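Each of the next two complexes has subunit A plus one more chain, namely subunit B in the first and subunit C in the second.
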Partner chain A sequence: MSDLISEYEGKLPGIMLTEIRENLPKGASDSKIRKILESAYNEYKHARVSPGESVGLVSAESIGEPGTQMTLNTFHFAGVAEMNVTLGLPRIIEILDGRKELENPMMEIYLKKPYAAGKRVEELRQLALQIKETTLKDIAAEFVISIADFTIEVRLNKEKMKEIEVTSGKVVDAISKQLKGYNLRDNKDSIILKARGKEDSFNESYKTKEKIKGITIKGIKGIKQVLPVKREEEFVIITAGSNLSEVLQLEEVDSYRTTTNNIFEIEQVLGIEAARQSIVNEIFKVIESQGLNVDVRHIMLVADTMCVGGTVKGITRYGVVSEKSSVLARASFETPIKHIINAALVGEVDNLDSVVENVMINQPIPIGTGLPSLGVKPQKQAKEK
Partner chain B sequence: MAVEVYLNSKLVGTIDNPIEFVQRIKEERRKGSVTNNLNVYYKERANEIQLESSKGRARRPLIIVKDGIPLLTEKHIKQLEKNEISWSDLVKQGIIEYLDAAEEENSLIAFFESELTPEHTHLEITPLAMLGYCTSLVPYGNFNQSTRLNAGSKNQKQALGFYASNFSVRMDMDVNLLHYPQMPIVNTIMHDISDYNKHPAGQNIIVAIMSYKGYNMEDAIILNKGSIERGFGRSTYYRPSIAEELRYAGGLIDQVCIPDKDVKGYKTEKDYRFLEDDGIIYPEAKVREGDVVIGKTSPPRFLSSMEEYSLASSTRRESSINLKHGEEGIIDFVLVTENEEGNKLIQVRVRDERVPEIGDKFTSRHGQKGIVGLIVPQSDMPFSAHGIVPDLIFSPHGIPSRMTIAHLIEMVAGKVGALAGRYINGTTFDAEPEERLRKELLSLGFRESGMETLYNGQTGEQYNAKIYIGNMYYLKLKHMVANKLHSRARGPIQLLTRQPTEGRAKEGGLRLGEMEKDTFVAHGASLLLKERFDSDKTVVPVCESCGIIAIKDNYKNKSYCTVCGENVEVNEIEISYAFKLMLDEFKSLGVYPKLQLESKY
Partner chain C sequence: MKKPKFKVDKHILTPKHAKLGEREKAQLLEKYHVSSKELPKIMKTDSAIKELGAAIGDVIKITRKSPTAGESVFYRVVTDV
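Showing the complex of A and B:
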């Protein structure tokens, strides 16, 4: 049996062969297996894209046309703790542009078995609170700069601290870790910062005051909001704000399923293949949420072009478009003068082997019927006599 | 607590008894001792009184009510009818006053006299006052959705009608005149007020609501050819051509005449064939596009010192007025006069009769516009037992989603009006009730539902369904296919790009745009795409050594390059002219676009 299947190696993709191998009924006769493989091979051949098919343009049209029907609204979760989600066209643009700063970064944190079951609700709540970022600003009642000796006094809000279970000692630890060059004094209900060595000027103290406001006291940096949600039989923590690398380090977190909607973070933490998949997932999620129907393969093609370079590149003049080999093609997309001047400076040659350039100069485009050409160069006939 | 008083948003003082103060202001205004432009608003929440007399506030007139009794009495109405008093007298007498949006907040306004209670301060003059002129011309408007009323009143503004009774001596630009315009059978009070019968804009016709072979899908309508032949929807289009004898520096002047053959830019003899000796066309001449209407020559444009001595300097320029592309008609009226500066001024009016054709736009008064989809011979139209044949067939699919109930009521009302020989009052909120109309229809010997048995005009068979049929007022709208139809296979091109010109007026091409191009690419129809974009293709000689466009001298059959001279290989390539232009622009930027030629095979 297995040698029958291995005969088709190279003809059919490996994943199909494994699938056939796994799903074959027990005791199937060789002739039947051959029949199955043969028809699988025919189906596969039939499904392949023919040479010269303009897949990119068909993808662009297939995504672009339903895109005209998408709404521009951001969608709101119903519930006590409301969370904003960018959906629709703005989100698609955000993904395709390859933006690093998202409008609404979000994470879905899946938990390991004992926590996910949600039986120990208190534990779940604790976990969620542990993840949520608390900055000094959140627990401080007041920041005071003394003009006499340019020290900064942070008066603490005791009630808030109790709520999230932080002591002033912990606060001092956190500040000293993240701020160098200052001596700290813990007065229990306030903390006093004094510059080490020479005295601060007023300007410097003001800058430091603004800086320490953002110091993380507790939780994971960037996670602004947490919301435990029951999804089917388990609990999932949805967060506003994202920090994949640190969340994955938590013991309770199921690192296999936890995701973020920030593609760049995925690229950094999990690599380019994961980023590619997450582009597909994120775009598909938006299209699905709008009730539209686009074949995944179009989206996969877009994700592939964004990731072929090994890093995620947006479909902008700085990203994918800047990689085009043709000067004319680049110039036809945004900032033409810049491209032409730069091309002139280095003496770039445009070989005119893509679509846009050939449309411009009115030559057959190398696609479809314009693709095939003679493979043999006819020799110049020797002049007769 | 003292109440702050603001006059035109400026604090002028405080007052302790606000209600009394406001009442006093109102009384003084009604008496006329204070301007009636002043409005007062007691804003209790903010504990302030706002007095406004500035411009730019929307105000509306209302009848003043005292103790539940309106101040406007029968006596006033009689006086008004006899023209003894006018509107402004009523305002002066303090019977009617204008309120702005702020003062309305302090008022209680009744819609009808019967609703009045002692608390009411004002009475609406008529509910119709909430509608504009065009909207109040829609009969039974209170049965329509408001969006349809908007559409209906917009449509009426585009209707052809009888715009001025002195039209025959006027020289208006682009005017349409409807033949045999009629007063609507179902009208509103606004038709009377505005003297609608002096400038009507539509015709009363018989409408059946049914499908007809699918030719009235998607808002299309079917017209009866017999009705058109009897004059339904005919109109005339008038367009003047104007020429002036302008004076130029040096005592030179334009001259209206039949241009001599040696005039610069002389057309052909045929083009001038309608001109009489004075250079002006004669009335009732049948003209087509390109025909000269007024012959005119102008002095040469530039009198340079060079030309002064040459023979050509005496040559005058041809500057005749001719009919533009797509225009035709009959010369209707010729006017020879002079303008303010005393120059000779000639105006020639062309008339063109427009018979309804497929593609013309018609509408009822309920925003139910549609385009003629088919013109059916009267013999093929459905007919009723009485032998009544509809003039127009309207699709039933236009009704449910648009909910224009008034459209249906107007049909019944029109039917009753036509049968009983009277006009029906369909004023919005104040119309003759539908039930009464239906009863009257029954007494006139028709089904009170308004439906009738119709027979297939082609086979004579009875239709299985009863067909809703009645009289309606239909309007012909100014959008006619004759003014819009356009196609082109070849024609004029632009000088700069060598691409086809744009727009119908210039006999332009129909652009195959960016997205349309994409469809060719998606189908892989590469060569077809190239052919479609061939409109500006050119063959240019290119120097093989420097890669810049060379020169080909067909006369000497020699090619040479302006940079490299004659001893280079020059080959011809086919590119779009737009690309050649782009190469030129590169050169002007100081960028050297070198073409490297390669064998195609």
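Showing the complex of A and C:
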């Protein structure tokens, strides 16, 4: 029986074969199984997209129509301040444009077994502290510039430091690593910075003061908020801000399930195929959360288009559209005059291979029945004469 | 900080990548009537193929998990631009 089914491997998709295998009645004869497989194969052949079908147009309509019903809001995470989620149309646009700077970057950090169970609350708290970024600004009570000798004094907030468990020594270490050319003196409840060698001017001191505010004392750069959440018997840390490559290095983190919503970071860390998968997931998540229903195949087509070139390209005039070979097609999207002038300058040729340019000049478009054309073999003709 | 070895291909988002041999590559191009330039591309520096040691012009076979077909196969050619 199983070899009969495996005969159809390659003809039918794997998911159909397993479904047939699971649902076959017990003791079905070989001829009956063959009949089932054959009729399934015929159905499948009919269901396939025929050559010349304008799949892109169908996808555009299928995603575009539900898009008109999506919300324009940014939602807040229940209970926590400063945790927003971009949803609805803004998020879809953000993904499709291939933006590098997201409005609300987020990570979902999965944990390894002993931590995920959530029994060791203290360890979970420790880990959250280790991930959340603390800058010097957060633990400083005051920044003072002395006008006499242009030193900067950072007065530390002892309570805050106790909360996140850092000592003044650690703070000095962190500053000296990230700031060059300054001598540091540790006074336990304040730190004094003095420029090495040359005398600072007031302007210089002021600039340095602003610069050191952003120095990371503890945690991972870019992670602004952490929020442990229980999800199906397991604790997951959700963060505002994202830094995939750093988080994956942490020992407690289950690095094979941890993800971010920043597609560019995924492309950098995990490769183009992971980025494609992530585009599909992210768009589908938005559409689903709005209670709409779009077939994944449309989304997969869009994601594939964005990723064919080996890097993620947005559907903008700088990304996917700029790759089109036809001048007229590019001009029909955005900034037409720029494209036409540039094409005229370099003497570009338009072969009218695609749809838009043929619509423009009122010719049949190469789609469906417009696709096949007659071919002539001139050599044979010459012989007969 | 201790750095555990992280394997990109084990991540849930990364599908299986494999390098095609010369003969398989020729068969593939023959089957679809394409030149290797017409295939979708993958960067030589892509982290998913770092351990395969692929050179420019090699074809990478990608076996994706697909919600509609169970498993689907995709091919990309290695480039550097």
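Here is the rule we go by: the second predicted complex is superposed on the first by the 326 of 385 C-alpha atoms of A that agree within 3 Å, B and C clash if a C-alpha of one lies under 4 Å from a C-alpha of the other, contacts with A are read in each partner's own complex, and residues count from 1 in each chain.
We take it that contacts are C-beta pairs under 8 Å (C-beta built on N, C-alpha and C of every residue); 3 or more make two chains touch, one makes a residue touch a chain.
Not measured: the values here are computed from a predicted model.
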{"item": "Partner chain in contact with A:Y256 - subunit B first, subunit C second, else both or neither", "value": "second"}
{"item": "Subunit B versus subunit C as contact partner of A:I367, first or second or both or neither", "value": "first"}
{"item": "Partner chain(s) touched by A:G375 [first = subunit B, second = subunit C, both, neither]", "value": "neither"}
{"item": "Contacts of A:G10 with subunit B and subunit C, given as first, second, both or neither", "value": "neither"}
{"item": "Contacts of A:G291 with subunit B and subunit C, given as first, second, both or neither", "value": "neither"}
{"item": "First (subunit B), second (subunit C), both or neither touched by A:G27", "value": "neither"}
{"item": "Common interface residues of subunit A - those touching subunit B in one complex and subunit C in the other", "value": "none"}
{"item": "Partner subunit B, residues of subunit A touching it in the complex", "value": "52-54, 57-58, 60-61, 337, 340-341, 344, 349, 355, 359-371, 373-374, 377-378"}
{"item": "Interface residues, subunit B side, partner subunit A - complex", "value": "517-518, 521-530, 533-534, 536-537, 574-576, 578-579, 582, 586, 589-592, 596, 599, 601"}
{"item": "Touch list for subunit A against partner subunit C, complex", "value": "13-18, 248-251, 255-257, 259, 266, 268-274, 277-278, 281, 296-297, 300, 304, 307-311"}
{"item": "Residue numbers on subunit C that touch subunit A, as the complex places them", "value": "1-4, 6, 8, 10-15, 17, 40-43, 46-49, 62, 64, 66-72, 74, 76, 79"}
